[in-house]
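Going by the order they are written in, the chains are A, B, C and D; count residues from 1 in each one.
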Amino acid sequence: MTTDLAKHDPAAPEPIVPDALELEGESRIEGRTPLQLAWAKLRRDKVAMVSLVVIAIIIILALAAPLVASLVGHGPDDQYRQAGLTPAGLPKPPTGQFIMGTDDLGRDLFVRIIYGSRISLLVGVLSTLIAVAVGVVIGIVAGYFGGIVDTVLARLIDTVLSIPFLLAAIAIVSISGPSLTVTVIVIAFFSWSSVARIVRGQVLSIREREYVEAARSLGASDRRIMFVDILPNVLAPVIVYTTLLIPISIVSEATLSFLGLGVPPPTATWGGMLDGSLNYYRVAYWYLLFPGLALLITTLAFNLFGDGVRDAFDPRSDRLFATESETEDEKK
Amino acid sequence: MPLLEVDDLHVSFGTPDGVVRAVRGVSFSVDRGRTLGIVGESGSGKSVATQTIVGLTRGARVSGRATLDGENLLGADPDTLRRIRGAKIGMIFQDPLSSLHPYYKVGWQIVEMIRAHERGTSKSAARQRAVDLLDAVGIPSPRTRIDNYPHEFSGGMRQRVMIAMAMALNPAVLVADEPTTALDVTVQAQVLDVMRDLQREFGTAIILITHDLGVVADMADEVVVMYGGQVMERAERRDLFYRHHHPYTEGLLNSLPTSGRRGKLTPIAGTPPSMITPPPGCPFEPRCVHAMDRCREKPPTVEIPGGGPHTSACWLPVERAQRTKAEAS
Amino acid sequence: MTTTEHNAVAPLLEVTDVRKHFPIGRRPLFGGPQPVLKAVDGVSLQVRPGETLGLVGETGCGKSTLARCMVRLYDLTSGTVNFNGSDISTLSRGELRPLRREMQVMFQDPYGSLNPRRRVGSIIGDPFAIHGVAEGDERKRKVQDLMELVGLNPEHYNRFPAEFSGGQRQRIGIARALALNPKLVVCDEPVSALDVSIQAQVINLLAELQERLDLTYVFISHDLSVVRHVSDRIAVMYLGKIVEIAGVDDLHDHTRHPYTQALLSAVPSADPDAVAARERIVLTGDLPSPANPPTGCRFHPRCPKAQQICVTDDPELVSRLGDDAVHQVACHFPLADGELLTASRPAIADIDPDLSFDASAAEKGTSA
Amino acid sequence: MIRFLVRRVLQGLLVIWFITLILFATFYIAPSNVAQTLGGRQATPQTIALINQRLGLDRPLYEQYLSFVGNALRGDLGYDYYKQIPVTQVIAEALPKTLSIAIGAAIIWLIIGVTNGVLSATRPRSFLDRGLTVFALFFYSMPTFLLGLLLLFFLYFQLTLAGVKIFPAGGFVPFSASPGQWLLHMILPWITVALVSAAAYTRLTRTSMLEVLGEDYIRTARSKGLSERRVVLRHGLRSGLTPVVTQFGIDVAGLVGGVIVTEQVFSIDGLGRTSVTAITQQDQPVIIGIALLGTVAVVVANILVDIAYAFLDPRVRLN
């Protein structure tokens, strides 16, 4: 019916023509990994970048705590019974000597807050890393194998999730006695299950994807499918969750220390300081305010940063080829 | 004056990757009792164009003119548009399962539609109408099925429910956006039949959006071919299939594995253009075997003589289309 | 290929009475058998080297499940699969691994079948890595050769799937399937997700590769016009069974099964005059649930020619009305040449117009 | 549905039994010096042995466990070692206080969280959305005990200093004694518990609603010409609430232990504070009693969530 055009058409397309060449203009970001793409997006996010700077400063201060102490001239546990307390034996307000005031034992709050950041970061990061490592492995294994393996692991995850954290933590600490190690382990023990649940959920859906079936049809082993095909695809939510789990762990540590069940005194911890302030804040607002602010700023910075990371990994905004239905999403 | 008229419609969206110019100067119209087919591949802007008219593309930048029965649609205030949606323009979509609310009974959803526009209608009266509607679209035992949830219906039956709902207030225009794409061919035939019957009975104008030229050949009176957010060709059905002018229309038809033709197909080389940085001239120019220098600037919209409102946005001589007709006859 | 030629060649793949039942829901509380969905329920067919066997049917008819059984991505409920002369029905995953080099699957969704987090080079190189065929630079060279073969720019080796369009992604899938030089390629709806202009590119590519590499295809699609274009023979499936199988021209010119005719007549054609002239058969009712298929001939509740025997007896898939052995149909009352289904009225009373439809069950059967 | 419920209840009972086993193992096998504490410093070994005998701590473990289970089934959870009153009575005294805090706070955070989340989701990227996001992240980052302390400092201490005596420093007045005083004593604890959770629920509701509002059936609802209000509340919220309901069930059940910090800060002797005291004193019967109650709460909440799910989603109900 339309033979005419075809006949006088010298450049009739070859069937095996590289149609990829036409795309050159659109694919300038060639070969960038999803991680790089997310980072590029994150860098445009001002709030996240400010938070990152704040986090960096906190980390640097924590690392430089001994330096700060020697500059100020007060150790974290040094008690200045004369200079650091009022004649009535109460904490002293901020002065040139103690820029954030002193606590009820005449210790320099500023130095103690700097030292406290070490505990917060250490517990926050360490327990998160342990939780994520355990959670990812259990989540992938449960989700991938399914069946009885999944049933058992999923029950385990649910059980751990349904234990009230604080109550159980208190119970464990009351038996073992408080220490830094116990704090890290207790927090990690109650955090891995939520990571595992998220990863398992992801793997359950990824397992049904055609590319996993494709790998199977090529004869790939279970281990290869789990770690070469599936793991990279759960990385994004795991990274997001990791950044959000750190502040949660920091708060958990502070709460335990506040209840006297975290890192035992005299080690400086923010929670411990706030516990100490309970009897003094009516006469010494700084005792409550500065450790509280330090804690709040740290968790806020991590949460804002984590929120930015989540946005950066949001698949809804990194599509290269927006089809009609996808542009629909963009509008909303 | 046509019932629904769209003139020089432009729609764009801001996205993180840049501004997507989904529709760039589209015009079409449809009359009472007639079916306009809008054909195009994914990303051609065909759905965006129709959804914009009824104000369903929120957050889009829109310009142009659209009128229904003389009443202005673009730029109308949200309340006016809301009264038009459903009452005067009914819509059905591609996937009837995801388009019906999974938590509500189908009867509830139809009754809601009726009562949203006719405040005075009692619940029982609306329910009786819903039963009649389900019956009209060929759902067996509608009196019991009205209390079923969408997931208790098959794909074809769900789409019938959607049609019943869209037709509930006897709208002047029915916009069917890929209504049969998710359905099997035998079911597609049933659903198209239902639409045809309703049109005959109520004189509804239908805008049928599809990528399937076969559906268009079956249903449409007039056809608009879209590509890269623009109209490439517009013609009466037979003109479009037997006397088309635009190389894109030709390419589409040649790509089809039509019955009886074995061996090699003649596809269109290349891929559709980016809608963020569309080609400055004719969007089809990068893939067109007839591309000329001036195609890179702007294609003309020429009227093809020979009866009917046949236009084509292409620089090629008009005789091409006429010659094809001579050979065909 | 004539009948004698057809039968002279040993089949590359032979499927005999294959059944695949999926458990659905829970076992009843008080005993009773586990309810199953009979996705594939007794299918036998042969695929000869070098041919393309088309497999058509509507959603939920079991065509994709059958394809996965053919290459043993699924364990069979019963029946045997012979590949290249050896029985592979009960081989374990490990035992199947060497055979995976010879039979490959090409998937439908070009977006879903490529791992979005891996580079194209490593995706296409996967078969080499899994089977330890080539390493390092040699693997890269082979991958780039493959990319060139399927019409991709080899320089895009390091890109991610998201940076390619749908048609290009399907080419990536093709390159991966061809990496180990297979004998049999099962194409599961390879062009269904593509726009027509791109679809034609891929169909041409598949045809050209078949010729060049001596491939045997099992080509699954719900689109009859595509299947008709690419296939030598076509098998039509309905509710887990093959209702008719024939050479492509025979199937169209001498349609025997009422369902085949209904299906053919429903295919939209981009030719208004032909559409207008055509006698259309609109089937009534819905596809029954594969969990609880009708008795006898499964098509009987929707068949205009149904008689009492169709309700009770399941017709065998054999040659009828004097057809040669290549053309087989499972119908008690096959259509004569030129007979139109529209003229028939069913002779049984128990056709239920409102076949209740178990959506969850049907969707489960739709692995496509 | 009935079958499903029966199965869930049986599963729940299994979990409860499992937990009693763990609790028992944890607290009775661990080295205990209750007798030492009770007997005082001068207690002779004989006294300690006597105390152990009276408390039944000298019997074999399985025997202790069996008698514990047997008694528990009859509603007897044993005696508080120190106060010498039944554990059930200890719980009965503490429970109303905890419930007062928990129920009030839950209502507040649910209302604030869902309202804010819906507002945010209907105007994504607007000024309001950003504002609410900042609000949410701020309180989400706030440790509960810190918020409690700050509220005490500003709303109790500073106000009192300024001569405005509205809020008490803490403590509890039963509702039956004085509804007004009960309310005044509860407001600060409620805010403390509620704000942190409200922040989390704002985020949860926002995410869930954003997802739902992108669904095809919302487009259908709009294409029907429904008012935007109806589209969001009747069509959007109905499905958007599903994850919120799930989370709410889990959180409310967890409140039995979750208000520990708040009770500590506001000196309210609810279940949390009582259990902390019991743990530090190794008062096993009380610990186990409260823990058991907590477990039952979690199990019941999970079953209620499942029922709510079935109520919300017909697809669950009918399968």
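The rule is simple: contacts are C-beta pairs under 8 Å (C-beta built on N, C-alpha and C of every residue); 3 or more make two chains touch, one makes a residue touch a chain.
Just so it is clear, the model here is predicted, and its values are computed rather than measured.
Across A-D and B-D, the chain pair carrying more C-beta contacts is A-D.
Closest chain to the protein centre (all Cα atoms averaged), using per-chain Cα means: A. Mean C-alpha position of subunit C lies 55 Å from that of subunit D.
In this assembly, the C-alpha centroid of subunit A lies 25 Å from the C-alpha centroid of subunit D.
If you average the CA atoms of subunit A and of subunit B, the two centres end up 47 Å from each other. Mean C-alpha positions place subunit B and subunit D at a centre distance of 54 Å. Among all residues of subunit A, those that touch two or more other chains are 15, 17, 19, 23, 318-321, 328, 332. Multi-chain contact residues of subunit C, defined as those touching 2 or more other chains: 165, 167-168, 201, 204, 360. For subunit B, the set of residues that touch two or more other chains comprises 42, 151-152, 241-242, 253-254, 264, 266-269, 271. On the subunit A side of its complex with subunit C, the touching residues are 15-21, 23, 27, 29-34, 209-211, 213-221, 224, 228-229, 232-233, 235, 318-321.
Within the complex, the subunit A residues that touch subunit D are 159, 161-162, 164-168, 170-171, 174-175, 247, 251, 254-255, 258-259, 271, 274, 277-278, 281-282, 285, 288, 292, 295-296, 299-300, 302-304, 307, 328-329, 332. Residues 51, 54, 56, 78, 82-87, 90-91, 93, 95, 98-105, 112-113, 116-117, 149, 151-152, 162, 165-166 of subunit B touch subunit D in their complex.
Within the complex formed with subunit B, the residues of subunit D that make contact are 215-217, 219-228, 230, 235, 238-239, 312-315, 318. Those residues of subunit D lying in contact with subunit A across their complex are 15, 18, 26-27, 30, 124, 133, 137-138, 140-146, 149-150, 152-153, 157, 210, 213-214, 219, 250, 253-254, 256-258, 260-261, 264-265, 272, 275-276, 279-280, 282, 287, 290-291, 294-295, 298-299, 302.
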